[in-house]
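We call the chains A, B and C, going by the order they appear; numbering starts again at 1 in every chain.
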Amino acid sequence: MTIPVLEAEFSLQAEEFALQVNLRLESGVLVLFGPSGSGKTLTLQALAGLRRPGSGHIRLFGQALLDVEARIEVPSHRRRIGYVPQHDSLFPFTDVQHNVRFGLTRARRRSERDSVPDLMERLGIAHLARSRPGSLSGGERRRVALARALAVQPRLLLLDEPFAGIDRPGRERLRAVLMEMLRERRVPTVVVTHDREEALQMGDRLVPYTRGATGQAREPGEVLASEAAHDMEGV
Amino acid sequence: MTATGGFRVLAGCIVALSVSTLLACVNPGTPELTIAAASSLRTVLPDLIQAVPTSDLQVRATYAASGILRQQVAAGAPIDLMIFAADQPIDRLIQAGLADPETRTVVASNQLVLITPRRAPLITFESLGSLPAVSRLAIGDPRTVPVGQYAREALVRLRLWDRLRPQLVYGANVAAVLAYARRGEVEGAFVYATDARVAPDVVVADRASGDWAPSPLVVAALRQHAPAAAQHFLAFLLTDRAQAILRSKGFGPPPGHADS
Amino acid sequence: MPTPDLFPVRLSLEVAGLALALVLPVGVVLAWLQAHRRLAFRTAVDALILLPLVLPPSVVGYLLVIVLGREGPLGRALEALFDLRLIFTPAAAVLAAAIVALPLLVKTVQPAIEAVPAELEDVGRTLGLSPLFLFLRVTLPSSWRGMLAGVVLAFARALGEFGATLMFAGDIPKRTETMPLAIYAAYQVGNDRAAMFYVAVLVALSLLVVLLAARLSPRGLRT
């Protein structure tokens, strides 16, 4: 029996509601789909170790990152989980290449030094190496954020609305590059989106969200078809 | 309370305050005699004022270190009679034309003593040289306080001044110096014998006597064109009655005066 | 009149410098803790830190004397255990200056740290930065202006300390007589030349400080 990449079941008390999560990622890309405010971002933050659930567990490749009952908690900086938040959050006090290299330790920097330029090339930001984040467009900033997260070779990648704020053509281009890279590097990914087409394009599996609770994971096509029949609660 | 009501109360308070202030100015209770006295006289001056023959004499006395008082007079403070703990400040005022040289009188003498906090080891002037460097001694600021100047004089003559300098904590006046000793923050302090007498929690460890010892004087003078009450008071200070009171508080006679 | 003695100038700079060296690590840690923790006693700690800023210096001085003086509980303990006496020493001047400078540093640095977007720190953590390196590589570079402003203001406050210094360190010329004390002493003797000299030095230094602090305060949150 293969160990799932990610297996998480927890509940987290947030400001507006109680979040109940139950999800599983065997491989590839898992899409979290639902309206804004239903707890998708919170889920990513809990997976990354930035918020602490009140109860439950999170297992990555079988290793417990969190087990509240057993009092196990791996701190965020040791989980090796890449995180690209909704609002980029590039470090404004340094340039693009230092942003991308930010997570590399000195030792790894020496050995990764080869792969980072390549990474930047692939994502189309190599020519921006010395630019400051403030001077970049939305799409460019997103690419830098992606490069930064990928540079440290995470075991799991979390993307929060990765294409929000980018124009249509840019979005498609970026998605294509990203999917290719994720497949090549075999990085399991959890993507948050409220866009149907993206969900369809990206996900191998999809978990629907409604107001703080996850539903049954299914094929994206299935979920989106039944969406037409059910009411989605908006916020 | 509404805004208008509150405003009325505020206006009322301001009016009341202004009226009472004006009244106070108009009728201040003018003293007939204003005396500026050195801090060391705080213990004796009230008794002297009580003992003056003239019955309804209104006296106001202000106390500070003599150097400060000199500054205040020079700055125009309305002082009729000055009684300082050293001759230098008086002479400076005379030179500046603010005091009448004819009225300069030595009214008493004092003695420099070394005190220690009550349970501290006893020391003497001469043994000060062997105090550990971490010890501290309180001294009136020699720049303004006469008792500090006298202490410095003594230490210089004993050839201890340079060695002890880093250990000398300056006090702004005698009361401050006494306080340091009473609180036990210093190993010793230099004050007048008259101060040590009335201070609780301190012990007179040694008295300055010998050829190195200074002779503190209490010197008085009147301002130019001082009122009769002031002249009267000054004359009184030299009478047997006044001298007896001074003696009872530990002051010595003015040099040359017959001992009682 | 003799030419003004430069010793108080040097002493003041040394005392303020040492006070700053004490206050900087303590203050930054406190500011960070206050910014990041949801402590139950956060308001109480806030008030305690602010206290020396609001209390009259003579109160601070008095408290120092009764706690750390020879007869005070801590003072007695220090003398008994380490043969250490603080009162009436240059160290006392440093301590008095540090105590009044600390709140200024914390109150300037804390908002600077709070202004660092939480998401920046979140990303830093997921990139593998431990709490210490997160502070050094993300928080600090993002808030350096506020930090510097805090340092500069704290230094100025330490430089100008008078009341608590006079009471706890005492007035010992050439040992604890810092510039503010020297000004007061010079004024009392009528040595206006010396007083004006020290006043001029302090005004010049303070102007410099105020200008620096103004240039460093965040104008909109640009870094």
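What we mean here is this: a contact is a pair of C-beta atoms (placed from the backbone, for glycine too) under 8 Å apart; a residue touches a chain by one contact, two chains touch by 3 or more.
All values reported here derive from a predicted model rather than from experimental measurement.
Overall, the chain located most centrally, as judged by its C-alpha mean against the mean of all protein C-alpha atoms, is C. Chain centres here are means of the Cα atoms, and by that rule the chain farthest away from chain A is B. Per-chain CA centroids place chain A at a distance of 45 Å from chain C.
Chain B and chain C, compared by their mean Cα positions, are separated by 37 Å.
Per-chain Cα centroids separate chain A from chain B by 81 Å. Multi-chain contact residues, meaning those touching two or more other chains, do not occur anywhere in chain B. Of all residues in chain C, those touching chain B in their complex are 65, 69-71, 85, 87-88, 170-175, 185, 188-190. Residues 45, 48-50, 75-83, 85, 87, 89, 91-94, 102-103, 105, 148-149, 152 of chain A are the ones that touch chain C when the two sit in their complex.
Residues 67-68, 71, 134, 136, 141, 143-144, 165-172, 183-186 of chain B touch chain C in their complex. Listed in rising order, the residues of chain C touching chain A in the complex are 117, 119-120, 122-131, 134, 137-138, 141-142, 223.
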